[in-house]
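Next, two complexes with subunit A in common: one pairs it with subunit B, the other with subunit C.
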Partner chain A sequence: MSGNPKYPAGYSLRKRRSQKAAFAIFRILSLFIVAVLFAILGFIIVKGAGVLSWDFLTKAPEDGMTAGGIFPAIVGTLLLMLGSAVVAFPVGIMSGIYMNEYASKGWVVKFIRLMTNNLSGVPSIVFGLFGMALFVKYLGFGDSILAGSLTLGLLSLPLVIRTTEEALKDIPDGIREGSLALGATKLQTIWKVVLPMAMPRVITGLILSLGRVSGETAPILFTCAAYFFPQLPTSILDQCMALPYHLYVISTSGTDIEAQQPIAYGTALVLIIIVLVINLLAGLLRKYFENRLKMK
Partner chain B sequence: MEKIEARDVNFHYGSFHALKGISMEIPRNKVVAFIGPSGCGKSTFLRLFNRMNDLIPGARLDGEILIDGKNIYAPGVQVDELRKEVGMVFQRPNPFPKSIFDNVAYGLRVNGIRDKAFITHRVEEALKGAALWNEVKDKLNDSAFALSGGQQQRLCIARAMAVSPSVLLMDEPASALDPISTAKVEELICELRKEVTIVIVTHNMQQASRVSDKTAFFYMGEMVEYDDTKVIFTNPRKEATQNYITGRFG
Partner chain C sequence: MKRFLEKAVRWLLTASGFVTSIVILLIIGFLFTEGAGLFREPVIEEGYVLALNSENPVRELNAAEIKAVFDEDVTNWKELGGADMPISTFRLEDADEHFSEEQLGAQYENAGALISGLVAANPGMVAFVPESMIPEDSGLNFIKDSSISPGEVFGGSEWFPTATPAPLFGMLPLLLGTLWVSLFAILFALPFGISIAVYMSEVASPRIRNFLKPVIELLNGIPSVVYGFFGLIVIVPMLQRVFGLPVGESGLAGSLVLAIMALPTIVTVAEDAMRNCPRTLREASLALGATKWQTIYKVVIPSSMSGIASGVVLGIGRAVGETMAVLMVTGNAAVMPHSILEPLRTIPATIAAELGEAPAGGAHYQSLFLLGVILFFITFLINLCVEFISARNKAKYN
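The block that comes next holds the complex of A and B.
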């Protein structure tokens, strides 16, 4: 026996001090992030709030885009979000279900997952080029909301697949077994028990993808977005304006860049507000599903 | 004819030989307990009776398992039909995130029953059968998650019984429960044997001796001994059984 250990004097004090110091650093860094976020938001609000008005939201650009509003761009962005959702949500959710629930855990699934991950790393401008080649030229949709939605849908597909898969993976197997043991089929089990349980998290993924789509410029550059298209689109084969592209256009070209600046900030503010509102809706939807599920 | 009959059952997980040549008969409306140390194959064996092991990739079964004289692994047997006949209760209570009522009604609904009056009647019967009715009758629309662990497990028993199976498999049904809830589940087992044949896996030897008519002792994938519970616990024939029940290993 070597006797009781001799603890070094003051060590206990030192380790508590280093813990305090470490947590202080973590706290400062977290606050820094929040500060940066607020700075960006505040900057946009201060610069952009001045031009926000009913007319700004409901009128088309006028006088070589130095006056008027951004209504067509708001409508365009909302249409593109909707279009990409129609493309990506069903395909993405079904692929996610297939990958997690049906496919045997062999190399096929691993390969698909690897490809999905690679796809999410592809720069958005490359999606734009691909969309132009396939949808605009080869399939002959031309520059259109259809081509833009398909391109944006492809872009958000990996995110939708991944979040669906992750959400399903979190549902304990015991729940699936419980359902199967009562004579339910696999499809009934997924449809009635597993998917509803995963829904709050799936929805979060969907909303995140919408947020990303709303801000993308490159994919619609060659496939959909119009420099100036003041009337509203009447078919999915029309071009449309979109907020991020409009922001880019009036910041870099146009008749009078100085005069266009407030409009640019106003456009940015509207874009941010749209994303925030959608995130808020996502939160409410999530709550609704959790309540309906009686999770608590 | 016995209720369940296993004929020379061998089961492999990949290259692991999990069950080695097991043959046994389980009589109708009796409670049979499977005991043995962790990893001895008793749960694997139990899960063969409702083909729950079908889900495991790389698993292979040789031999036959007959329920009411029919091989449940014969081609053409539909697993969902089999599982209506052979219910299961799991180690951890696994209620669905639905109301108490919908949990018990689930098995009926997924098997195509739409008659509301019948479902309501059946749910009440099942909850009464699981000695849960008095505790939940005023809150059938509350979430099943709001129940205590012991109540959740009785709910799962009610859910299994609502489909009116003729066999109930229980995989360590009380191991996650406190002593009072455990006692309730054990009482329930003694009640349910009137309606169904029960096969229960347990780590708790007192439990096996309290609730079962016959006991099988498993060790390293083999069924070492199978006899009346009284015989197993008072006068086992094999030394391994003797050692296990007296706590010398396991």
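The block that comes next holds the complex of A and C.
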């Protein structure tokens, strides 16, 4: 009989050929996308690597953005990540706990889930408009780290809620029932049993949401980002520079596009490195916790 | 005490559960109040009037006609339903061409009377001046001003938000630009997205799958400015060379960048749907003697069609709302799109590019919020579609 177990003897040659052709096309198209990713990463890494230096990372821009470094932008982006975490993490985690542990499975949960999904589909520029109308103008925070963090926090909220909810959903009900049967209250069960078990996955989700925040530009265009603010911010009501906005400004406008280009490559590389590190961290964390669970 | 704590926590958690709903309501509220304000704004810049000679029978002009008059595209009142008489225009900036500084006075205190006299002496003249300047007994006629009409905004094909005396807020070019770029992006992304999804879920070995998964995640994680930057430096010059274009920034450049950006959404959702296709269905097909490929396209793909559709719709949503990358590579020409190879402009790019310069509370500012409302509703509809599709799908399998 046929030596190839993939094709039992009954298949006609034509059928085998069309399967081969189809799978080959899938393989080529998939390979092409991998090539695209590596082209983008490779291009930015190769062009940006020469720019990266200690001075570039620790100095403020000089000579009308044509020289110097991007230190204030790095600090600004880190501050915005921190600020958005302060806004989104507590509310998002609590909201996720409510959805999975407390809400009765009826129209309330359906409604909240619909709203959360809708919020995650709202374009980032609409968050920018909203943040400007509410935080900058109506509440009078002005262009500030506070307004930017709040806007970015709301933007990452759906992601935080969803990961929390999914992590909690994976905890088997038997564990909850065991804890309740021992006389623990619902709150004690969640706090001492369910949350610690779900934490690894929650943390992975939180890290990924930070990654998303680090690259967002549109929400901070009108709520926080400063074109040039070389001294570091001293209060949350100061404006700040941010890496993605800096890259946008430096690659599309300015006095000397030629001289700015290396800085743009460098900035793009730093952004890419942040994204890579965050994805790697999330991946490693996932692996680590998975292994630990297996060992138990 | 313990009971109280339980209750308090429960209350707190419930409150945070509703935060997203409240945010959605706030977004709708704030965007709407600002955006709807546009229709209460006068057509002619606030505080200004268009003064006419008393012999001129024309009383009403719409924003497009006013712009044509002041751009000197229309040069005779006959074309606007008036008498056969050449049009001459007067703006306040032109005052020193007609009068000397002594005549006008140091504080422009005589300007009103002088301009009134000038218009009264020239039957074909239309003057764009502050209302407060014109003396009450000037005997001049004024163009009747109305508020901006929704028809002109949603049906208008000219977007000149900073034109004086009458800005034009025709949103059609922006709407069409957005649709063109997104549709082309999906056309490019679709074959790749579905192929990769099929490959990952049905064909690839676990090792290849474990390699492709992070690749797709990374594509999703790259910030949109970085895509925009890559597009600007690599794709735009490439298109310019390949198609011999005068400028490489074009709808096509935007679609290509958006296609890469929408791809992860399509792949993730479609792959999920195919993996969820019940094992029994596959086995039944294979048992009947179908090849793996026949099983995929006759059983797996049709049965996970709704999931694939959700992925595509979500991809469109991502493309429609994408701002920075599109802003950087499409050239931002607010004209009716004729070809995908020409510069065009999308709604998000318009908001991002213009909000910084629009004075808060003015008609331009409000028109950008109205664009935000439109964008919000497009994505809202898209999400409802996805909910509907997946709800129907659940019903089918339960």
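Keep in mind that, in the parts below, the second predicted complex is superposed on the first by the 244 of 296 C-alpha atoms of A that agree within 3 Å, B and C clash if a C-alpha of one lies under 4 Å from a C-alpha of the other, contacts with A are read in each partner's own complex, and residues count from 1 in each chain.
Definition applied: contacts are C-beta pairs under 8 Å (C-beta built on N, C-alpha and C of every residue); 3 or more make two chains touch, one makes a residue touch a chain.
On a predicted model such as this, the values are computed, not experimentally measured, just so you know.
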| item | value |
| --- | --- |
| Which of subunit B and subunit C A:284 touches, first, second, both or neither | neither |
| First, second, both or neither for A:13, with subunit B first and subunit C second | neither |
| First (subunit B), second (subunit C), both or neither touched by A:36 | second |
| Partner chain(s) touched by A:122 [first = subunit B, second = subunit C, both, neither] | second |
| Touched partner set for A:185, first subunit B, second subunit C, both or neither | both |
| Subunit B versus subunit C as contact partner of A:196, first or second or both or neither | first |
| Subunit B and subunit C contact sites that coincide on subunit A, given as residue numbers | 185 |
| Residues of subunit A defined as touching subunit C within the complex | 6-7, 10-11, 15-16, 18-19, 22-23, 25-27, 29-30, 32-34, 36-37, 40-41, 43-44, 90-92, 94-95, 97-99, 101-103, 111-112, 114-119, 121-126, 128-130, 132-134, 137-138, 154, 157-158, 161, 185-187, 208, 211-212, 214-218, 221-222, 244-245, 247-248, 251-252, 264, 268, 271-272, 275-276, 278-279, 283 |
| Contacting residues of subunit B [partner subunit A, same complex] | 50, 52, 55, 57, 80-81, 83-84, 87-88, 90, 92, 94-99, 106-107, 110-111, 142-146, 156, 159-160, 163 |
| In the complex with subunit B, residue positions of subunit A that touch it | 104-105, 172, 174-175, 177-185, 188, 192-193, 196-197, 293-296 |
| Of all residues in subunit C, those that touch subunit A in their complex | 2, 5-6, 9-10, 12-14, 16-21, 23-24, 26-27, 30-31, 34, 191-192, 195-196, 198-200, 203-204, 212, 214-219, 221-230, 232-234, 260, 263, 289, 291-294, 296-297, 314, 317, 320-324, 328, 348, 351-352, 355-356, 360, 368-369, 372, 375-376, 379-380, 382-384, 386-387 |
